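Heads up, the next two complexes both have chain A, just with different partners, chain B and then chain C.
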Partner chain A sequence: MARTATRAQALTHQQRVRRRHLLRRRTLIAYAFLAPALILYVMFVVRPTFQLFGMSFYTWNGVSPTRDFVALDNFTRLFADPLFWKSLRNNLVFVVLLVAFNVTVGLITASALARATRGRLLYQLVFFLPVVQASIVTALVWKWIYQPDGLLNRLMEDVGLGFLTRGWLGDPNTALPALALAAAWSGFGLSVVIFLAGIQGIDHTLYDAAKVDGANVRQMFFNVTAPQLRPVVTVVFLLEMIGAFQTFDIIWATTRGGPVSATEVLATYMFKRSFTEAQFGYGAAVAVTLMIIVLTAALISLVIRERNED
Partner chain B sequence: MVAITTTTAPPARASALTRFRRRRGAMIGLYVYLTVVAAFSLLPLLLAWMTAFKDRAQVVSNPYGFPNPPVMDNLQEAWTSGRFSRYFMSSVIISVISVLAMVVIAPLAGYGLARMRFWGREVVIGGLLIGLTIPVTAIILPLYTVMRELHLLNTYASVVITHVALGAPFFAFIMRAFFLRLPSALEDAARVDGCSELRLFWSVMLPLVRPGVLTVALLEFLWTWNNLILPLVFLTSENVRTLPIGMLLLTGRFATDYGLLSAAVLILSFPVVVLFLIFQRNFVEGLASGSVKG
Partner chain C sequence: MAATTLTAVAALALAGCTSGGGTDSGEDEPAGDGVLNLWYGYEPGQADAITELIAQWDEANPDVTVEITAMGPELNPPSLLPALSAGEGPDMWAGTIGPGPSQAFIDAGLVRDLTPYYCDNGWNDVIPDELATISTTDGKLFAIANSIESTGMFYRKSIFEQLGLEVPTTWDEFMDVVTTLVENGYETPIGTAGQDAWPVTHLLGAMWMSAVGPDGIEKTLFGDGTWTEDGFQQATQMFADLQGNGYFGTEPLAYTYQAMTADFYNGVVPMTYTGGFVIPGAQEDAGENFDDIGVFALPSVVDGPIYANASPGEGWYVNANSAYADEAADLLNFLFFTDESRTKILEGGLVPVGPVDVSEVELPSVLEELLSEQDKYRENGTVPTFIEVLTPGAIFEVMQNGVQGILAGSTSPDQLTQSIQTAWETEKEAGNTLDASAAPQC
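Let's look at the complex of A and B:
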């Protein structure tokens, strides 16, 4: 024990120099490989992030060479701004509806798909087609479906629900859930695929054991599938949430936040304040709150993912 | 299974029959459910793709059926007087340059992160992990001022640079996952043979992660092709506009010309759908890897 220790120490003197040399060489080479990605990332993602926080302490119209430092004034105004709170509330409702749909329907569809004996790939392909569509396509297609003379009203008349028909995006009560459904349509195929991979990763002997114990399909879902899938569900839940909080395209391309700000969310409110009303400082304050919410959710998801891996 | 049922007593055989019936019933229910969900996914798109081939009279008289006869007027009008040929070229240029840049940058970074031990590695990985979640809508304001200072507004470069910078962390992690799967014996053998780091990367490692590079290229194409907010903010002059922006303008001007708008949808989604049908696995696995372990 003592002998090996002294030998190790004797060796390290020469080795340490060589090893340090090697590490320095390797560090240089590694950063050479990483340089293009890191430089772009630092210049056009990290730096703007810090600039955003800086901008939120000023009032600035976006063009003039001078800007006034107002410290936290933008934020105190923001927290007294009913439209900001409405945007935040709408954003939360949108997130809850979207995530609820994609997690529940996604999970049910994935478990149905896992039990299907044929055509699994074909169904998966169909569910995934909306995922690869541009958000502007999603927006446009659903705008037609929701028109007063659109597909949805037509279908409702056919099944005797004609008294419920309306311009779905023109009605402040239905516009937000209608857009959440459109957004869910475009993302739901991805959650199906992730859930399906999770289900297929479950140890089959658990189902055999449950079968031996006489469990039926429903019992197997709630007692085997659901608990085994909990980590996957958590990850999908958080990712959908992070995505849904940033929603901009689908709202901007349909209602622009209307009618009477019924579909205004943080991103559209930020965009209007900054680019249409030229209040860059105030817009930046909205963006900062959006950033903090998203980064907090992301941090939680990272912690949970790390824990799942142990 | 068959042997067991034939040798057991009559009551058991009856239960096997009901079990078979019940299972068949469940299977039918399962497929009915899956088909309803598939219709929900497919019909809105199908409706738009079909409407692209209908003239004005057909859009009114036959809004939900197949085009009869199919006409090319809408596509022609969108392509020429709707200026979609021009938007298409802008979109192609931006997407292709972004893809080319990304397939160089992402493998280099992914290789560095996966196969090298170096000073500051944890900090770099942590910094890039945060980058995965920084929302572009939040930093679009400072990005706009940065691009204005660099005099890059209304140039393709502004959109390309931002796309590549924003996508770099995600694609670096995708490539890292591919490089991590390679056995370390490869490097040891190459180093013994006196192979340089760059040669090792280029001739030994890179050819082994070709599927990863393909995935990076496809997803970067998908995102740049479909992206709305960057060209919306950076590209305001007519001659650099991309397809999504062209479509956004069209929805404002011709909100009820369903035939023309459908043609626009078709032009925008056709390249992506073709690529998706050919490379389904790469798209699905690549997009899912962003949410499962990277």
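Let's look at the complex of A and C:
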């Protein structure tokens, strides 16, 4: 009996060792599979990011073999430049408009689509089409729409709103919101698809229970759909916010930051300093600042979400 | 037109030349692959005189094949910088000239010193010193300008004839023309393309030059003059008045260059301030209306003399690391310094640098008028056509913003000149302004 017990204990020990060995092997294999991606990530993301940080402490014209160390001078200059603050303010307005539109309208549209019994796929395709469209095409389409003799003004005249017509991209008061709307249109389909996937993942018994309790459509949206979608909303919010901070192409292809810097955002500001004026050190300082702003905003939103969940 | 000898002068009474004969052109050169890559800012598929001449040179030089990459209208495309800094990029390219972005390539040693070719091929006999200086750093020539650009007020002759208007020679007459056009239903008597900013800055730049003259601009660029002096202030105020009176249309900031140009060719806009650089494209785009386009020199904004204006167009550069530097220089020699090519470029609507005999050349009518206007006022002195050729990129950026601000009514003339002065002081302190003391010597 005692002999049998010892043998059993020995087997267990052997099994444990084997298991541990197996686990270690699996871990090593996992690392081996991850290694190429990790190496590429370090080479093409981590290293350039550190290089960017380093470059922001130098003056460099982008091509010269020599660069001068200027410590924090680029940042001092940056924070003293009124155009930087204007670009940042424009960027924040752009972010708010874009995120507000794509999160609220995207969520409402997805909820409506989730209830649709027919044609859902068609609507999804229609909404998603601008997402796959090249951004330069989107920019050109909207540039044409916003022209003084463009589609929007013609439409407004047809419905008796001719007194509101204007050159939307030429008016410093309307250019930024007009471009934010165009950018929202091009990214709106993605929000709808993500929200729709989230809604379809919600347990249907929750809706059944709400119905039994006598909840109407609006109450079900606010008491079931919205709370259940909170993680999805966070994801969409973060994606849209980061995308909005990085916006460049639609602005560059339409207004190049004008008129009177009304649509200048940090990305266009950075591009001009770097590529038009060959001030790559300064451009790097702008890029670093933009990165810190985006990371901070993303962290704050994640912390708020975590707190709400607690 | 009578035989005319044009000597394009960029109105810069520049101080003496520094010594220096350039670098040795026989540096160690990498092995080539038989292809001379050339990046050139023309529209894909659109052949112009220069691309046709390149094809001609290519055929006559079987050892090397020229491959042209069309860069569109973008001067100094962003791809040029990473390509050159990676040791790649074109063997030669056309880009901006002067202390703008191209200067970074020169400072980094990425551009071939063309001084030996300049001296050996006699280019120095063709290019006026004042012009060569703009593309010279430390006594070495780094670019060859493909043309001399002049600007003027382009107008539709038939509209003027229909309304009984004469070409104005004074500012008051010009204002009479403008008001007559407005009274006759032309909502935008002067097309400005404010959305793209750069076309309208040419008009303001011309008004500045008109007010301060050759001496004033020289003093500002190379002396102790400032951009806030009376002439600049007065001209900027007059520009703002044109806007205030609605002479640029109701929404100049909504007007793109493309839309404005189309409206001008279609007779919706009767006048626009532009340059000879539009002529090659206009021959095709304006169609049968091309011959209806005329041009006159902008009258003096201060009741003073009218000046001729001239600035270099695109600069042609050779890659310092090119295996085909000699071939590239030979191509430049063929393009811009042989009679046959110069005539063809003229016929195509561009004015080559240096003396040009136009007596035997059939010029586009509007180019003939533009040259004639320049000749008429040359004895009064010549001012630069483009501010951006003579100032760092940051200045033009500030200027474009300020001009848009005036068009939007959010910037005052004082604010515009002050912002340029501030940017100018910064650039001057950083050593980014044009060096007036350097000129290539053979």
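Note that in this section the second predicted complex is superposed on the first by the 253 of 310 C-alpha atoms of A that agree within 3 Å, B and C clash if a C-alpha of one lies under 4 Å from a C-alpha of the other, contacts with A are read in each partner's own complex, and residues count from 1 in each chain.
The definition used in the following text is that a residue touches a chain if its C-beta (ideal position, glycine included) is under 8 Å from a C-beta of that chain, and two chains touch if they have at least 3 such contacts.
Keep in mind that what you see is a predicted model, and the values were worked out from it rather than measured.
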Touched partner set for A:255, first chain B, second chain C, both or neither: second
Comparison of chain B and chain C by chain A residues contacted: B
Contacts of A:14 with chain B and chain C, given as first, second, both or neither: neither
Chain B versus chain C as contact partner of A:290, first or second or both or neither: first
Touching partner for A:170 - first (chain B), second (chain C), both, neither: second
First, second, both or neither for A:275, with chain B first and chain C second: both
Which superposed partner A:142 touches (first chain B, second chain C, both, neither): first
Touched partner set for A:52, first chain B, second chain C, both or neither: first
Chain B/chain C common contact set on chain A: 62, 271, 275
Touching residues (chain side chain B, partner chain A) in the complex: 26-27, 30-31, 33-34, 37-38, 40-42, 44-45, 47-48, 64, 104-106, 108-109, 111-113, 116-121, 124, 127-146, 161-162, 164-166, 168-169, 172, 197, 201, 222, 225-229, 232-233, 243-244, 247-248, 251, 258, 261, 264-265, 268-269, 272-273, 276-277, 280, 283-284, 287-288, 290-293
Chain A residues touching chain B - in the complex, by the definition given at the top: 23-24, 26-27, 29-31, 33-34, 36-38, 40-41, 43-49, 51-52, 55, 62, 105, 108-109, 112-113, 115-117, 119, 123-137, 140-145, 151, 154, 185, 188-190, 193-194, 197, 217, 232, 235-236, 239, 242, 245-246, 248-249, 252-253, 267, 270-271, 274-275, 280, 283-284, 287-288, 290-291, 294-295, 297-298, 302, 305, 309
Sites on chain A touched by chain C in the complex: 61-65, 147-148, 166-172, 255-256, 258-261, 271-272, 275-278
Interface residues, chain C side, partner chain A - complex: 78, 81, 84-85, 101, 103-105, 107-110, 194-195, 197, 251-256, 259, 392-394, 397, 400-401, 404-405, 407-408, 410-411
